[in-house]
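Shared between the two complexes below is chain A, which has chain B as its partner in the first and chain C in the second.
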Partner chain A sequence: MDECLIMMEIARKRETAIIITTVSFLITFLPYFFPIPALDVVQKYTVDWALITSYFMAIVGFYYLTKVNLIRLQKRPQGWLYGIITVILVWYMCITGFAFGTGHMSFKFFYDAIALSLTAMVGAIQGFYLVGAGNKIFRFRDVKSSFLLGAAVVILLKNAPVTTVIFPGIQPVGTYLIDILVNSANRAFKIGTAIAGIALGIRVLLGKESSQVGLATEG
Partner chain B sequence: MMYNLIQQAPMSLSLFLPGRAVGFTIIALSFLITLFYLWTKQNVPIRLLPQVEAMKEAVGRCAEMGRPLVYTYGNPTQGMDYWTVAGLNLLRYTAEEAAKLGVQVVIPLSATPKALITHAVVKDIMKNTFVAAGTEEMYNEANFRLTGTDDSTWGLAITRILYEVRPAAHFWLGFVPFSTVIFGEVCRDIGQCIAIGSSFYLSQIAFTVISSDYTFIAQDLIAASAYVTKDPAQGGFLRNIDIIVLIMVGVITLASILLTAGINIVPWMSV
Partner chain C sequence: MVNIFKVMATLNKRILYLTLLILIIVGCLYPIALPITVTPWTTDFYNKINAVQPGEILLVHWGEGPGVEKTMWSAIKLTLWQFMQRRVKIIWMTTMPMAPPVGEMLLNDPLIKDAMKEEHYVVGTNFTDIGFVYMESGLVNFVKDIQGFTQNKFKDTFVGKLKDMNDIQYCYYMGGDPDAYKWLAQHVSLRFKTKIFTISDPSTFPTHLTYLKAGNFYSCLDGVTGSAEYELLTGKAGPFLGRMGAISTTSLFFALVIVLGNIGYFGWERKERVKPIKVGEKNV
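Up next is the complex of A and B:
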């Protein structure tokens, strides 16, 4: 019993989490860059472990979702009924999925009828919001806003079939804006975010990112 | 002679697997820069962004109006990524200000399995901040609201929360998906609700800028996070990004000029 407690104490330590992270990192990182055949097999196993561990999160999520909503059922705050509907649907999907498989009608129907419809509805709602926001954006206020306005007009005309027939010159200008300018800006963003990812990884390895190991108050 | 040398780039350096040497060099350089800032404990000067100032004002406004604040740190479908880390650092800053002024902070939590690891961290941040400020009674579990999993249902759930609690300020800072473009409009509809958002999708920026009162565009969020934490590691993180990006811009510019002059150095970039 005491040994179990000691083991748990060690497992909960911040240093343990950092050591596991660093070793896992080295096992997956080194074979990617260097020809080390001995590490290739270990890397494959480590990646498989990571995948299996990530599926445990789904089980934790299922438990957590049920627990939170049952607590809401006891306290009955505003909107508690939505929580009950969520729990019923989650259990229904789990039971039918396990019992009949994910290809069965009873499983697919609820996903197609509810989840897909909701996603489509959000897309439709956003269309209206975007038109409203576009109405505010595309106005000539100053020189800077005129760039956005000009680009928007060109892209709108490029995508309208009639205008490209009437003004054939619009097509190459619009294509240039999308292929050259938008792509350049997009890649600059992507480079920045990739570097940020690397830098965060380094901080995690050095134990400087305390939130990664659930010790958010230390930083 | 020189031209021929450049054209005949080696297929790979024997130490590395083919095409991986440049990537490794960038990571190694990044590692060294971060280590340098950690060891020397140099504080990287970061200017105060107006958005951070506005966050403080928004919390004050919540206190004046007696209405809560809704803080959304995104839908971290990838787990603890850098946008989420920045969002959580800004959450700590917001919670500190809220604890001083007695403002309730409502936090929607994503139900995505990979986001579950953030739940404990968020609760930890809130609890410890309130305890440190001596306002432990302000910590309320009911302020953590579980939302949907995918981006659409997540956005809808937060919209419902916004209409329900009618906050005086809503911050959405972190790994925010496309559905956040509606948040600014919802805040306008609620009335007297300051909207401070962030965006890192190029196609989303214009809409977020126009619909919210203040916007953190892409790496503004990381800069703000470094500013509020005053942590040398965070400053080094930011400087690291700047230096590597500058090097990359230099290499891209040089390669473009040389390529125009008929000298192709691209094979050297993929050794």
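Up next is the complex of A and C:
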């Protein structure tokens, strides 16, 4: 019994979490730079563990989705009904999928008739909101906002096939905007976030990022 | 008296939504065959598939959700059809939980079914479905050790002869998951010589182009306009070519709304604009 308590105490320590993070990081990171077969094998096992653990995450998510919505059913706050519909559908899809397979009509019907249409609808609805917002947001307020306005209008006209035929000059301008300007800004953004990610990773490995090891509230 | 500039600056949303809805419905019900131009990216995509040699291996990384059936179906099926015309060997891999039924729909599409019959695609000989591969860890394991990952289940097919991703010449990523294409760039194109084709919706297309410029991707296609362009290039007219009329009218309507908003802004709103509230100041 005492041994169990000691083990639990060790597992709870901040240092243990940092050591596990560091070792896992090195196992997956080093094979990129050092082609050592043994390291490759260890990396493969670690990745397998990650894969298996991720499946457990789905089960935990399923459990909490049901639990949280059942609690909401008791308290009945605003929008509780949507949560219940979600739970019913999740259970329905799971049961029919496991029992009859994903090819069975009972499973396919809900997918084809509901999931298919609703996913397309979510995208379609955005168009309406964008038109409403476009009238209010894209204004020539100053020089900076004029860049956004100009780019938006050019891209819209470029995307309208009929305009590219009537005004062939629109196509190369739109292509330049997407291919050169958006690309360079995108790349700068990506490199910036990658460097920030590396900095964060180093802080985690050095134990300076307490939230990573569940100690955010103690800090 | 009604201030016309005020009306332009504050267009009624109900009217905007209704007009847009009418434009879409009319455009879809009565498709007008408006002329379209093919973008350089689509031309490049088309030409690069045409340059694929018979017998080369293509890994289809299928990660599309159900929405694509309405938005870029023609581009998806016509590009796959074009690959089949090149008689490539296909490995089919599904990578998104919602994707398998849509993939099944694609494989059951009459055009693809006919192509499989005409080009003598036989499951196991030149077409193998290796099933669901979960997230980054699944992809990493697959690309490094194909036999280990598949546990030699496909040893009697052409997949049984493949060691790692170096033995696969092309990968075709069909999906919009922002993580998935990062994993492909990181684990496939940087470590192996596989050339990656991608198809995506217009919102993620510029990001794909970043990878294209960096040399991580081989060719990228915007699936929405690409659908109509592909129908034009392959001579297989479908619904998307007709829908280009609706895309044209709605895009022009959007541009018109912006122009009206700006006229209203200069004619009325700019004069009426209240002093902006500073941080910490009370809004009274």
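By our rule, the second predicted complex is superposed on the first by the 210 of 219 C-alpha atoms of A that agree within 3 Å, B and C clash if a C-alpha of one lies under 4 Å from a C-alpha of the other, contacts with A are read in each partner's own complex, and residues count from 1 in each chain.
In this text, contacts are C-beta pairs under 8 Å (C-beta built on N, C-alpha and C of every residue); 3 or more make two chains touch, one makes a residue touch a chain.
Nothing here was measured: the structure is a model prediction, and the numbers come from that model.
Legend: residue contacts after superposition of the two complexes on their common chain; A:Val47 is shown touching chain C, with no touch to chain B. Look at A:Val122: by the touch rule set out above, it reaches both chain B and chain C.
In the superposition on chain A, A:Pro77 makes contact with chain B only, not with chain C. Judged by the touch definition given at the top, the superposed model places A:Leu148 against chain B, while chain C stays out of reach. Of the two partner chains, chain B and chain C are each touched by A:Asn186. When the shared chain is aligned, chain C comes close enough to touch A:Thr163, but chain B does not.
In the superposed model, A:Met57 makes contact with chain B only, not with chain C.
In the superposition on chain A, A:Leu200 contacts chain B only, with no contact to chain C. By the touch criterion defined above, A:Ile178 lies against chain C but remains apart from chain B after alignment on the C-alpha atoms of chain A. Common to the chain B-facing and chain C-facing surfaces of chain A are residues 54, 115, 119, 122-123, 130, 132, 134, 136, 182, 186.
The residues of chain A lying in touch with chain B in their complex are 32-35, 54, 57-58, 60-61, 64-65, 68-69, 75, 77-79, 83, 115, 118-119, 121-123, 125-126, 129-130, 132-134, 136-137, 148, 182, 185-186, 188-189, 191-193, 195-200, 202-203, 206, 208-209, 211-212, 214-217, 219. Every residue of chain A that touches chain C in the complex is listed here, in rising order: 40, 44, 47-48, 50-51, 54-55, 102-103, 108, 111-112, 115-116, 119-120, 122-124, 127-128, 130-132, 134-136, 138-141, 149, 152-153, 156-157, 159-165, 168, 171, 175, 178-179, 182-183, 186-187, 190. The touching residues of chain C, when paired with chain A in their complex, are 11, 13, 16-17, 20-21, 34-37, 39-40, 65-67, 69-71, 98, 100-102, 104, 134-135, 137-138, 140-141, 144-145, 148, 201-202, 205-207, 209-210, 213-214, 225, 228, 244-245, 247-255, 257-262, 265-266, 269. Those residues of chain B that touch chain A in the complex are listed here as 15-17, 20-21, 23-24, 26-27, 30-31, 34-35, 38, 80-82, 85, 88-89, 92, 111-114, 116-117, 119-121, 124-125, 128, 142, 146, 150, 152-153, 155-156, 160, 164, 178-179, 181-182, 184-185, 200, 202, 206-207, 209-211, 218-219, 222, 229, 231, 233, 237, 240-241, 244-245, 248.
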